[in-house]
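What follows is a pair of complexes built around chain A, which joins chain B in one and chain C in the other.
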Partner chain A sequence: MFHWLEQRPFFFAVAVFLVVAFAGIIEIIPDFAKQSKPVVGTKPYTILELTGRHVYIKDSCNACHSQLIRPFKSETDRYGMYSLSGEYAYDRPFLWGSKRTGPDLWRVGNYRTTDWHENHMWDPKSVVPGSIMPAYKHHFTNIADVETAYAEAYTVKAVFNTPYDVDINGDGSVDVPLGTWEEAKARALEEARAIAADMKNQSVKDAVARGEIPEIVALIAYMNSLK
Partner chain B sequence: MKSMWIGGIILIVALMAGTYIVAGDAFNLGEDYINDLTMLAGLAIISITVFVALKYIQQIKNDKAGGELAEDNWDGIGEYKNPIPTGWGLAFIGTLVWLFWYWTVGYPTSGFSQIGQYNEEVLEYNAKYEAKWANADEATLKAMGESLYLVNCAPCHGVDANGIDGKAQNLTQRISKESVVYAIKNGGNNFVTHYPGGMPGGLLYEDADINAVANWIANGAKGEAPEAFTTGTCNSCHGDDARGIAMVGPNLVSYDNDMITAVLDDGKKGNIGIMPAFKGMLNETQYKALGSYLRSIGE
Partner chain C sequence: MQNGAKIEYDYSVAKAFTFATILFGIIGMVIGVVLAFQLAFPELNYLAGEYGTFSRLRPLHTNGVAFGFTLSGIFATWYYVGQRVLKVSLKESPFLMGVAKLHFALYFITILLAVVTLFMGITTSKEYAELEWPLDLLVVVWWVLWGVSIFGLIGIRRERTLYISVWYYIASFLAVAMLYLFNNMAVPTALVSGYGSILHSVSMYAGTNDALVQWWYGHNAVGFIFTVPIIAMIYYFLPKESAQNVYSYKLSILAFWGLLFVYLWAGGHHLIYSTVPDWMQTMGSVMSIVLILPSWGSAINMLLTMKGEWNQLQTNPLIKFMILASTFYMLSTIEGPIQSIKSVNAIAHFTDWIPGHVHDGVLGWVVFMIMAALFHMAPRMYGREIYSKSLMETQFWLQTTAIVLYFTSMWIAGITQGMMWRAYDEYGSLVYSFIDTVTVLQPYYTIRAVGGLMYLIGFLMFAYNMYKTATAGRVLDKEPVNASPMAA
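Right, the complex of A and B next:
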């Protein structure tokens, strides 16, 4: 057999690939089955949170901020409980990031508030002296793209079976509703109103009252969902 | 040849000295065994590299091919029937033995996990922490509280605790007039763990009464309590001197430890905004330390 392969470079290459791939397959496949299961309590992002996630990605927050708390005492002291793989089950893609110019944000919803994020995005130095983060004042005027977020949620629901419109924890009610575009839009606006109520910027409040959702509101919804 | 060996040893010493100059502060024997092992491994790698290189340079210079030639030859190129070097053979077999041990026994039974390591680290740290700070005095608690404050509280309350222009509670005073007015009008049920009753809103409804109580409390409850405080049922929960009653109403005059614990455990929503809860992120000693620090900056 080996003699036969030695004389045929193409089949030799195929055989090498198969041998090497085998190790990868037996390492990776069981992990898919085991670890991609969401941790109990993990829910898909709501439309508004998903919109904020898009803002987060669009403005490359992940270039400086990571979202992965490692199991070291020093990390958990500062950021909270270390991250588990199942918590990222509905993150497409995950935003672990590799650099920590700014702090880790995976559990930022536990120790920062709507109000704080508002101040921080308007003028980072006002709450963190010495911060080198730029101000993101355009978040207060730009209108967030809820349509794309709905499209994404609809897609992952249809393609990856992400549990929108499903009773996840078995208490008889739908945990994260998605519904039609009209329903989703109304629900996003409702969430946005709750957040704007905790904010101080009048133009943002006005925009939400008019039925528009500024990027800052969506981003804060996303930040508050990270816990 | 002798000069080459001497040169080799000098090179090793120079490389080690270089390493020590660059990373010498990590070389405290016994402090962290990982660093010590790394230095030891560094020494081994440098020495082996230098001596092996020297050996081969010597061989290239001096050795002549020798031994019995195999019968076959390929276009005039022959092969000696010399055995493999003993050291290489032993290393090969040794590696095989180690491999089978490691795959079948060593790795599966070592049971290492990063989270296991984390748990051990935390247990060890907590035990050390308990032992070290079991009976910390006030000055120690104050210093500890200050560093805790700068990490956990300063992002909202400001480095000098003035609340950054109304972004959060000004911690240099116990309570502001606005907060008292807000609480009287809207009630409060923030501290469900420590003051489970909560406070209903609208216990005082005359503006004059509300103002009188708010002024008196914001000024540190000095002197005679206003009539509205004693007759408006404020005192039945917060006490006649406004210093609080355990499990019933929090202290309105100073940041006592019960009050601090309540805020940190449950968070708070008042006239300024929401404060997140810090339960689970800080331990009891740290709560006490924060209390000591906050009392020290208020005076």
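Right, the complex of A and C next:
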């Protein structure tokens, strides 16, 4: 059998491929649809939150922080309710991470405030003595790319039916509006103003007043949305 | 060409990839050492503004080492081993020569672009699949070129039977092609919406599904880049260097098909206690244990190849490199399954034990085997004796010590952290705040950084030795048959 295969590269390659593909077919395909059903109450990210998620990804926050609470008492005591599959239905990509150099952030919106995040990103040691996290001062000056976040929201709505502009819970109002780029931009700025009002960094406040959104504002919007 | 005439192998592409292996090895490992020191001394994050933080550099390190260093090493050995075991020279086919050169050129450009984009923070955030879609497409192009090179050379071969190493190269090519394509499926957002950055894309899969596909890919990237092609190398270079036959042909067959079948199931062990269905977690756990059999099968086959010839360890440092690589392969493939046991995983997951595990595998097995392969190839490619045996000996001991420092410190750090996270006092409250579990690791981070630095120094010694071999080694009048000649 193997002597025969060894001399026939084509059949050899086919055999290899079948053996290799087998596990994926069995393991991945059957549960695909079931795993992507959202839990009741799960909503897509607003444009500002999505912009913040891009900042989170750009600076690879997921290299040190997980967003997955395992079903252990020590984790639910520390971070809150353990994670459910349906909570991640609108997470593209998933951001579970693989290493906790810092704590989990999946429900950080429940126990940290805008003010805390501002101090932490400016100088982590000021709020957590002994922290080895770098400061992210450039988030206070870099202007966030809201347009790409809009592009993503538009795309997932068009391609994957992510429920933007939809009444998800049936109370008669649209849960997460998207609209045109102009509308989305205006709404993001409005959200940004509310966050900047809770911040103390004057240059950030000035930027938002000018109609610009520094990365830190978007990032905090995202952090606060994780509940 | 007449039958019986000596085949003139062409090493130009193998040499180009050898250069890339060393270059990206140095870059990737320098960044790795910087990262290690940043964890021990956080002030080092501020050396280069936003481009120097741990978080920006970390994907650069993994990509640089996995896809810059390791892939280069795999391609370098393919363009050397492929010709030899198939008894055909690249020179005989101008087409395949062109394919090979284009493969190198596009590959090299991709890695350079990867460095630039990752520095800029352009990343999909999926581990080992961080590159954005235009680069992914480029990867697909040169991966296909590699496939053309493999099957093209096979097509014009003179040796009828495919040697074991070729099996492993084929498996690596096919499996990575499948994994990479599926995991990187994404929709470029600017093309759909007309807004935003052209480089941005959004994953085809969401949440739990995305995690499942990602770790099916992520774990098997380890399988088909860090394992399968490296086994291809040891199956060629160890018997060749030591003049011994592979111990057991049957064991080779069993280990090969066993590895291919089982490996793909094991990805689920990255998702234990996550939100993926329980049966998948259990499969991941069980199959990881089963994976010990084919892994140790290959490793034992290699060790037994040296049966009765252990004295070669004393006379030939190249054999020492390869045997140590096999040993670290065994260590790493017993450690992985242990970490996949649910109760162990509950402590180990998310801790430093994981990078510890990755690094005893990569530093001890992958890098050692690639260095040994390149050392073996050098006298044949450049027609010169290896420049210095004593330098190689020193390098060997320095790097071996470095690996031990690395993984022991990370084992202790990981288990300490895992235990502290779950410690309760008599009243049922958590004993430690998170920051306590960070600051306690400082000494271990320092030891790891020192180990990493020693390893890097060893790698620079390797690079220097290779450079001197190519330029200043004593010229050989004929190609060595087995043991590589080296100056004291």
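Definition applied: the second predicted complex is superposed on the first by the 197 of 227 C-alpha atoms of A that agree within 3 Å, B and C clash if a C-alpha of one lies under 4 Å from a C-alpha of the other, contacts with A are read in each partner's own complex, and residues count from 1 in each chain.
One rule holds in what follows: a residue touches a chain if its C-beta (ideal position, glycine included) is under 8 Å from a C-beta of that chain, and two chains touch if they have at least 3 such contacts.
This one's a predicted model, so the numbers in the text were calculated from it and none came from an experiment.
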Which superposed partner A:F160 touches (first chain B, second chain C, both, neither): second
Chain A residues touched - chain C or chain B, whichever exceeds: C
Partner chain(s) touched by A:F22 [first = chain B, second = chain C, both, neither]: second
Touching partner for A:A209 - first (chain B), second (chain C), both, neither: neither
Contacts of A:W116 with chain B and chain C, given as first, second, both or neither: first
Partner chain in contact with A:L95 - chain B first, chain C second, else both or neither: second
Chain B versus chain C as contact partner of A:P129, first or second or both or neither: both
Touching partner for A:R78 - first (chain B), second (chain C), both, neither: both
Touching partner for A:V39 - first (chain B), second (chain C), both, neither: neither
First, second, both or neither for A:T148, with chain B first and chain C second: second
Overlap of chain C and chain B interfaces on chain A (superposed complexes): 70-73, 78, 128-129
Touch list for chain A against partner chain B, complex: 70-73, 76, 78, 80, 82, 110-116, 119, 126-129, 198
Chain C-facing residues of chain A, complex: 2-3, 6-7, 9, 12-13, 16-17, 19-24, 27-28, 31-32, 35-36, 54, 57-64, 66, 68, 70-75, 77-78, 83-85, 87-103, 128-136, 138, 142, 145, 147-152, 154-156, 158-160, 181
Complex contacts: residues of chain C adjacent to chain A: 38-39, 42, 45-46, 49-50, 53-56, 58-59, 121-127, 151, 154-155, 160-162, 167, 170-171, 174-175, 178, 182, 187, 189-190, 192-197, 200, 202-203, 205-214, 216, 253, 257, 260-261, 264-265, 268, 270, 273-277, 280, 283, 346, 349-352, 354-355, 421-424, 429-430, 434-435, 438-439
Interfacial residue positions of chain B with respect to chain A in the complex: 114-115, 117-118, 121-122, 125, 151-152, 155-156, 159, 164-165, 167, 272-278, 280-281
